[in-house]
Amino acid sequence: MTGEMLGFAAVAVVLLAASLGVVLTPNLFHAVLYLAAALVATGVVFLLLDAPFLFGVQLLLYAGGVVTIVVFAIMLTERLVGESIRQTSRYLINGAVLSAAVFVGVVGFLVQMPAIGPRQAWPGELTALLGRALMGPFVMPFELLAVLLVIALLGALYFARSDT
Amino acid sequence: MPLGAYLTLAALVFAIGLFGVLTRRNAVGILLGIELMLNAVNINLVAFARFRTDLAGLIFTLFTISITVAEVAVGLAIVIVLFRVRRTVEADHLDLLRG
Amino acid sequence: MRTGSATLALIVLGLPFASFLLLALVRRLRRSAGAAAGVSITAIAGALVAAILDFRTAVPREPTQSPSTTWAWLPGDGGPMATVGVMVDDLSLTMLLLVTLVSLLVQVYSWAYLHDEPRPSLGRYYAYHSLFAFSMLGLVLAPNFLQMFIFWELVGLCSYLLIGYWYDRPSAARAAVKAFWITKLGDLGFVAGIVMLWSATGTFDFWTLFSMGTMGTLPVELLPCIMFLIYLGAVGKSAQFPLHIWLPDAMEGPTPVSALIHAATMVTAGVFLVNRAFPLFRLTPDVLVLVAWVGAFTALLAASMACVDDDIKRVLAYSTVSQLGLMMAAAGAAAPEAGFMHLVVHGVFKALLFLGAGVVIHVFHTNDVFRMGGLRPWPWTWLPFVVATLALAGVWPLPGFYTKEAILAGVLHAHLTLPFLMLALTSLLTSFYMFRVVFLAFFARPHGHAHTPHVPWLMDYVCRLLAALTLAIGFRMAFFGEHHEGPGWLPAFSLTLAGAGFVLTWAMYHRRVVDPARVAAALWPIDALARRRYFLDAIFAGLYRWVLLTFARLIGWTDRYLVDGVLNVLSAWTLRAGDRVRGLQTGLPQDYVYGVALGVLLLFVLAQWSLR
């Protein structure tokens, strides 16, 4: 067991546990907290995959922004307690079966995949490379993303307006 | 760790997220499930990018993260408006498209 | 064997057609009855002149020379499938004369008889007359079965139109439809026979078929069946049993119409058909025997019904049926010339009988013979009628004597004994019922006091003309005609029958020494049946109603429950399926996610499978 494997195992356990918590806990606020944990764990996975920039982005945007937004939304919609446990078991089992089936389907493809060799090194500093790529070949999607964010902003503002 | 491990992990998280979407009764709960699914997709993308030494996967991930944030914002705005109008956010009561 | 000019024949055909077109299209002409009558009568007079010319200028021809002139009509491979044209031989030349002459006299007579009709109706009447003349002439001149059939149907149409001339009378309308229906039954056989003949031989043309017949190249297996079917057409048109029931009812039409088409011309079309196609009938002796039997039976049946009827026109109608039977019997006995001769002379004196009846109907305003009488002081009312009666009864030297004797001789010669006896009895009855009518309508004791009957001079003169013609034909036959050999005892026999009939009626209806009621009581089964027309009408009506209505109901049921049913079931199932599928649209977003997830699974499966 190399260090890397150990690290991966630990992060994996945390991530999975947090995910299960998100979907199973009856208290919605707890679910959000579990989600925060899952998001951070994902960030660590990114670290393990030699993408420190993405770790940063994940923490900032997801763990910071999304969680904040969701918390506010929960506050505004007030219902916190009384969730999936109290549903009829039919739905739970259906959902579990379908999710399991999807998982099996994906894994079915995974096992047929030819093995990819050991990791190569990045040709240079990753962040710099990302920056140059964003300003270079991917500048168009970058600009369009900006437009999208403006539109989302406007949409949210529109929804949030009062009716007068 | 081989690529397969990362991909399997992502698949698991995805399945768990799907379970959440299908079973949660609160609309916000459903959105949380969607978050998990998108997260799993990101893990997939980064893993592939790393093992194939292709920058495109990472760029893609950046974009999906940004877009997801925007989507969550708008989605929650809709939920809030829905709550204002119908006084409930339970998914079972949102059946106006019925028939 | 002669052939006449085709051009003249076409003129004979064309003049009434032109008259009809003119009257049909030019409304103002038709609405003015006088102009309409003028056009129609002029046309038919011209046709008569052309017919006489054609008859007189006819030239002898070789037996192998075709008397037909035809033009191609329907195309077909290896020559036209059907042709139109004219066949101008002795048969058609004689018929041309008869048809045009009687048509002319009837149209002239109608002007006086129908004088009180509203003007536009009378114009319509003359239009119909022109159409009828054209149709009958076309039938007579037809060189092939197809053309004959077309004109056959046209003639039937004219009969319908003319019987139903007073269309606002329900009885007339019904009679017209009945005539059309019953003759249509016969026509079904006719057309079936023609088509079968065509499919067996490839031609409709008479001359070709006759040649094939003499050369023996006619396919003979189906020929009896074919000729029987063709004969069925004649059964309908010429009112043979059992399709005779329309003719008595056809008396609903105006009396001149009855004189023309139900005595002299249209009903004779069947006999004409048998005569025209005789070279083919000759090859099927079994069918001919049937024709003879049916003819003789019809003659007797109709004569029996004529003896008990009070309506003068209906007696004459039954008489026509009876005489048609006589003509058919002659054809069946392989003596078609005798039958044809009787057709021609019968046409003349039967028309006279009807027109004479029209005179007495006009005087008394009724058809019932028991309400007539007391016309002895005015011979010009009854003399033409009596001349015709003598002709019909077969008294020498009038035409009926010779033709009837020829027919009886022919039947005897063909060894058809029972038909001969039936025809002999018919002769007796013919004389009986005709003189019965004479005595009752003209010589009976008058009711009320007698005053000079007023009859329009036109009607009177037409009757006198026809009587003179009858006498002339009779004398021609007596003193200048060829006499056929028959058994020596035959003339005396037939005269005795005629005389016996006369004596019986004289005793019963004139001198009143024998009570008719007692005679009727003595013969009561036949009397009762005859008065009820042997229930034939009822049988037909019941059969028609039963068969047709049952069939119609069956079709209706099939349409409603099977045809519509299939469609209704399909649409109901579609609606129900739609309702069920609708259940999928719950409106809940999570259910839609289920759907997407299932779709993704499906894609996985498909992808895995295609990767294999």
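In this document, chain identifiers A, B and C correspond to the written order of the chains, with residue numbering beginning at 1 in each.
Following the convention adopted for this analysis, a contact is a pair of C-beta atoms (placed from the backbone, for glycine too) under 8 Å apart; a residue touches a chain by one contact, two chains touch by 3 or more.
Not measured: the values here are computed from a predicted model.
Of all chains, the one whose mean C-alpha position sits at the greatest distance from that of subunit A is C.
The interface with the greater count of contacting C-beta pairs, when A-B is set against B-C, is A-B. Subunit A and subunit C have CA centres that are 102 Å apart. Each chain gets a centre from the mean of its Cα atoms; for subunit A and subunit B, those two points are 7 Å apart. Here the CA centre of subunit B is 95 Å from the CA centre of subunit C.
Residue positions 18, 22 of subunit B are each in touch with at least two other chains.
Shared interface positions of subunit A, i.e. residues touching 2 or more other chains, are given as 94, 98, 102, 106.
Multi-chain contact residues of subunit C (touching two or more other chains): 594, 597.
Contact residues of subunit A toward subunit B in the complex are 4-5, 8, 12, 15-16, 19-20, 22-23, 28, 31-32, 35, 38-39, 42, 45-46, 48-51, 53-54, 57-58, 61-62, 65-66, 69-70, 72-74, 76-79, 83-84, 87, 91-92, 94-96, 98-100, 102-103, 106-107, 110, 113, 115-116, 119-123, 126, 129-130, 133-134, 138, 141, 145, 148-149, 152-153, 155-156, 159-160. Partner subunit C is touched in their complex by these residues of subunit A: 94, 98, 101-102, 105-106, 108-109, 112.
Within the complex formed with subunit A, the residues of subunit B that make contact are 1-9, 11-20, 22-29, 31-33, 35-36, 39, 42-43, 46-47, 49-53, 55, 58-59, 61-63, 65-74, 76-81, 83, 88-90.
Contacts from subunit B toward subunit C in the complex involve residues 18, 21-22, 30, 91-92, 94-99.
Chain contact summary for the complex, subunit C toward subunit B: residues 582, 585-590, 593-594, 597.
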